[in-house]
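In the two assemblies presented below, subunit A is common to both, partnered first by subunit B and then by subunit C.
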Partner chain A sequence: MKKKKVTTLTVIAHVVLFLFSLMCLIPFILLVSSSFTNREELVKIGISFFPHEPTVSAYQAVFEHPIRIVRAFGVSIFITVVGTILNLVVCFTAAFALSNHNFVFRRQVSFYFYFTMMFGGGIIPYYMVCTRYLHLSDNILALIIPPIAAPMTIFLMRTYLYDIPYTLHEAAKIDGASEYQVLFHVVLPLARTPLAIIGFNTALGYWNSWYEALLFITDPKLYPLQTLLQNILAYVNMLKNSRFANSKLMENIASIPSTSIIAATCLIAIGPMLLSFLFFQKQFVYGITNGAVKE
Partner chain B sequence: MSKWTKVVVAALLCITLLCGCGSGGDTSGTDTSKDSTGTTQQTGESQPADTQTGDAASSEEMPTLVYYTFADRSKTQDGEEAVFAKLNEITREKIGCNLDVKFVEVAQFEQQMQNKLASGEQIDLMYTSTWLNLYAPLVSRNALLPLDDLLPVYAKEYYESIPSDWWDCTRINGKIYAAINQQVFARQPYFSYPSNIVEEVGFDWENATTYEDVEDYFKKCADAGYTSDQYSMWGGIDGSTMNEYYEFQSLGGEKTPGVIRYENDGKPVVFDQYESEEFQSYYKFARHLYEEGYVDPNVLTSTLEKPSLFRRAGAYQPYYVESLESGIFTQFAYEDVQALVKPIGKPFITTDSVIATMIGVTVNSKYPEKAVELINLINTDKEFYNTFVYGIEGVDYILNDEGKLEKTESPKYDISVNAWAYGNVFNGYVLSTDNENVWKEQDAMNKSAACSDVMGFNCDLNGVQTEVANCTAVIGEYEGPLMNGLLDFDSTYAEFIQKLKEAGVDTIIAEKQAQLDAFWEANH
Partner chain C sequence: MVAKAAKAPKAIEKGERKRPKWMSKDNLQLMSLVLPAVIKVFLFSYLPMWGVILAFEDFDFSLGPFKSKFVGFKNFEFFFKSNDAARILSNTMLMNFLFIVTGMVVSIALALLMYQVTSARKSMKFYQTVMFFPFFISWVVAARLLEALIGANGMITSTLSRMGIQYSFYNNAEIWRIILPICHIWKSAGYSCIIYYGVLVGTDATLYDAAKIDGASGFQIMTRLQIPFLTPMIVLNTLSAVSGILRADFGMFYFLANSPLLLKTTDVIDTYVFRAIQGMGNLSMGAAVGLFQSAVGFVLIVVANKLSRLYDPNYGLY
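Here is the complex of A and B:
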């Protein structure tokens, strides 16, 4: 075992990183704590690190009318799973083609992909393509298809695949393997790590995506979780700030979510990703350093 | 091998291109075709939504109007089909067209409207206001059609029912770009008291018209053994309520410094309300109340929980709000305690309150004339309006013996919370909890209210955004505590004003005055 030297620089770096991680962590802890705090305490004392009288009433309130949330969960899980799988298939095969020395136009096609990273058409043309030509409005595919071929992912993957010695391809081909067999039996098993990392990132992207739903979805049955949350919050704000606050509204204000309910809903929304990160973490850290160093 | 790859790639590219062209060619207008995923939007009747081909091919086929507005979809989706079917029956009979209502959530509304407008999708009618889908920017982007010529012809009844003063509020560069949804525009300050306490302590509430008069009520309550959190002034007192109490008119945001007072020659002058003698004397008075022990020390934090304030100890506080709206007198009853309400001062109307909820006809409209006819229908036809807001009788609501509305236990469709966003609220059914004359009284109040002399003036503070943000921060820090007497006036007031000056209050006032002068010159 080699012992590492402690230098001033590492001490400073550690302190800075420690402070930075605290800055990331504290809001999260406050979120967790406020979801377990009751309304009165929040008003009187405010948010504190440890609620004086912990309560799960906020969570009870969220799940009192569970249909909306359960449905939104279903939509989010569906688009995350299906979207990630499709995304990996598309990106992996594209990257394989681009990394293949036999592919004559790989530079041109790479440039074609690369170009879309640099220049986009803007929101309006994007919207028009999706609604008019692809007919994606109020369609669950609107949440899956637009980000399906991510150039960034393709290039990451391609860079990784370059590292697989081409002699392996050739060896397989000499043994009589077709291009597909090379892809599935030689390259794919070797590319598990990048697939896991890219898959996790993509899944995170799908789970947190809200913009596509904002643009294309008006049917409440198709709201993913993030959109549902956003809609609830916006509606609450509208009621609170409304200058038309009248008698009917007063009744409704009593029933709108308080801070703790909002915090609880947020936690429910990020929960699954948080858990899966714990499982993926090992792969994740390993994979990132793996991709970072190229010799 | 490489040749094969070339051929395959070339072929694939061609296929994609062709596919793109193909689907683009035959459906270039509408986006409503793919509904296989079970959307509830298309009712049986509104199915001929493909108006693109409809009006060109056969003129006898009815046009379909597309109307975008906001709603909480979780409260409507189960009942939409039936409600929209009934609305379509009415529109077909009365104005000869189909109606496709599209509800969008508040959070999505602005973004979706921008994209739909820019991409040329059909939108005949669209919600616009001073707080959502902002009116002035829409007009400056040329997204709305001027309605001056259409309204008197296609919506005569509605057009004439609105006083011309109110129409002036919607005018930008002299033209009307949106139709006003009638609601309670007038603001009426008042005090309210819980009847049980007033009776017990014997307070002459009918003659109390100033805060100084109300002090007597506090004194009597304290003598009778109530604690300050049971009777003290509601914590929502801030600059905007005080503006109305002293009849100062706010400009460009309630909480920005700079309000109007009229000079002797009738010309409006902008001044800083926080420096005014009126505000100073109120701050001193509030401090006096606090020192006497009449103020709940938690008054500021409790504002977050408005409803519980009404309910606390089965009583309310004397309460001052900016408006006297829909049945608020009777609705203030909780747990058998009636509210006693004493209006003070005169009701008045400002530009912002009139244009707070409107419907515009967009440039993407295919049938502007029909759209204006629909505006007329929404605002004059009671059956249409009530169906739109409350749904179907027997399913979503029932009318009781007095003809008042009671919601069913679990209505499938109910957007009455936002009734003010869809049309003339005075056409709505009266709720069973409301006084039966509630709409008549409110209409009368609207009509009797004093209109601001600067109706139609819209203050644009974009040029002084930094100063506004700085001042808002300072005001947020001092205003509440000063208004409620929590801070000592003598030691903190000077500091407050000093910080306001540093934040650039004078720049804001000068900017407001310059804009107002320009408006005044142009209109007088």
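Here is the complex of A and C:
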């Protein structure tokens, strides 16, 4: 580094990258500061980087009636853990079969998965099938099952498995191992990195998922964090536009969460994911650059 | 145990001769391994496919999809003759086009600049970490962040009003043609520039040194050497993005710009169809639009794949 000459280009690069980083960071800083801003200041001055009279009342308010947010946290943690494990098991076993030369139907099954990436019935038929025939309305499974076994993930996993020398597999077969044994004792121990990468991505997806809840969940007890957040927002917005307000909402007007409460809830919700990203950053970046260069 | 196992393959081979190959123990085991994924995909992707008949019916929820009246292409006709069609189709394509172009330019530029400062490890780590933050949050939270900037009490709005300009971003539809691409860049550029950066890191750095000795400027190295290295990835990404031009990022439009006042520029196919589910629109027509979207998407993907293989036989989208 000491030997490197400082050229105009590197200076420009640093400036631009720094500005872009700032642009990525500023909204988060504003979120933090708005969670510490009191209501009067919000109305009078608006959100600024440093609140004049910082207050922790928003956090107090969140933790005073913690039932809703704790419940939502519980739901999010549950679907993230169960969903990630299930997805890894299903995708890993499927990818193992698809990467296996002994699997007679691997072309057909690959196409079977692949086709769904190109064509779908559309969201309305999907919604009909899930609610009418699979009975997923207000069912925690609606939050867990849909993201499982995404063809993209299966193929990504298969790409990683192709990197494991197939001769190991053959050697184990000659020694008389069954396919199950090869899966558990040969491939699984060598596939820890892809499992970690895909696992992290899946967990991120579950933690941030709101789509399934939006479609299928109406019972507030089953709200994951994101949906809780979304509903607080919708609730406040609705009250702000008073033309939408009806008598039923007006009764609860005393309990309107202020902007800072929402901000505080947001921070509580994104905290775990950002922290775990800081831990897994290396694997994550590796996963992108490696997964990008296919075949 | 080992000895017994060693003999096993031969024994199986003898027994196998009469059985077809797919009945072999190996294949049956592998089929059992792929089965859970096959079932899940069948239930959640293939079952809804016959649901496209909804698009050809005058759907009545109480009668169900089998007994509702069959109306042929009426729903499509109705949709394409309505004012909605022009609006949501042009919005979807224009917005996606803006996303593709701006996203590509910014992420390539970032990747090239990042390559310039690769040796500054500490700064690099900072940039990469911070640029990934937006990628890690959902659109729900992003909407909240956007509000902290341009909402009624947001920093930009209140700064403007202190300067004497009263401007409400959530009342002006046009400005969202600029806001949303910025949001898209903000959320995804950090992620996609890493892909390009990864390609650059994989190139032979001695080439750049050689070019430098021959008198090439840093800018020339970028345009004459590095961008050509990135071209396959650019072509691939553009093709796959263009094949999804009728598919909008539903979360973005739904959470960021969910106001009746903004529909003029931010109503896209996905939000339109979603309103049908919520009961604010016609379900059959929504299904028809969804089918149209899928069908066009299918054709575009097949064409894009053909094109990318034409460009380089090794680069298929699949």
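The rule is short, and it goes like this: the second predicted complex is superposed on the first by the 256 of 295 C-alpha atoms of A that agree within 3 Å, B and C clash if a C-alpha of one lies under 4 Å from a C-alpha of the other, contacts with A are read in each partner's own complex, and residues count from 1 in each chain.
By definition in this document, a contact is a pair of C-beta atoms (placed from the backbone, for glycine too) under 8 Å apart; a residue touches a chain by one contact, two chains touch by 3 or more.
Nothing here was measured: the structure is a model prediction, and the numbers come from that model.
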Ask   = Just from the overlay, do subunit B and subunit C fit on subunit A, or is there a clash?
value = clash
Ask   = With the two structures laid over each other on chain A, which partner does A:Leu183 touch: subunit B (first), subunit C (second), both, or neither?
value = second
Request  = Report for A:Ala13: first if it touches subunit B alone, second if subunit C alone, otherwise both or neither.
outcome  = second
Request  = Could you say whether A:Val104 touches subunit B, subunit C, both of them, or neither, answering first, second, both or neither?
outcome  = both
Ask   = Is A:Pro220 contacted by the first partner subunit B, the second partner subunit C, both or neither?
value = first
Query = With both structures placed on chain A, which of the two partners, subunit B or subunit C, ends up touching more residues of subunit A?
reply = C
Task = Quick one: classify A:His135 as touching subunit B (first), subunit C (second), both or neither.
result = first
Key: subunit B versus subunit C as contact partner of A:Met273, first or second or both or neither   = second
Task = Check the residue A:Ile123 against both partner chains and state whether it touches subunit B (first), subunit C (second), both, or neither.
result = both
Request  = Scan A:Gln230 for contacts with subunit B and subunit C and give back first, second, both or neither.
outcome  = both
Query = In the superposed arrangement, does A:Arg68 touch subunit B (first), subunit C (second), both or neither?
reply = first
Residues on subunit A lying within both footprints (that of subunit B and that of subunit C) = 43, 102-105, 109, 123-124, 127-128, 132-134, 215, 230, 233
Task = Report the residues of subunit A in contact with subunit B in the complex, numbered from low to high.
result = 39-40, 43-44, 68, 102-105, 109, 123-124, 127-128, 131-140, 214-215, 217-222, 227, 230-231, 233-235, 238-239, 241, 243-250, 252-254
Ask   = Can you list the subunit A residues touching subunit C in their complex?
value = 1, 4, 7-10, 12-14, 16-18, 20-21, 23-28, 30-31, 34, 42-43, 45-49, 89-91, 93-94, 96-98, 100, 102-105, 109, 112-114, 116-130, 132-134, 145-146, 148-149, 151, 154, 173-180, 183, 204, 208-211, 215, 226, 229-230, 233, 240, 259, 262-263, 266, 269-270, 273-274, 277-278, 281, 284-285, 288-290, 292-293, 295
Message = For a test of understanding, state which residues of subunit B touch subunit A in their complex under the given definition.
response = 1-2, 5-6, 9, 20, 23-24, 27-28, 31-35, 37-41, 72-74, 77, 102-108, 111-112, 115, 118-119, 121, 131-132, 183-184, 298, 301-302, 304-308, 310, 322-323, 325-328, 330-332, 353, 356-357, 416-417, 419-420, 431, 433-434
Key: Complex interface listing, subunit C residues touching subunit A   = 2, 4-9, 21-22, 24-27, 29-31, 33-34, 36-38, 40-41, 43-52, 54-55, 64-65, 109-110, 113-114, 116-117, 119-121, 123, 126-134, 136-141, 143-146, 148-149, 152-155, 157-159, 161, 186, 189-191, 194-195, 197-199, 201-202, 218-219, 233, 250-251, 255, 270, 273-274, 276-277, 283, 286-287, 289-291, 293-295, 297-298, 301-302, 314, 318
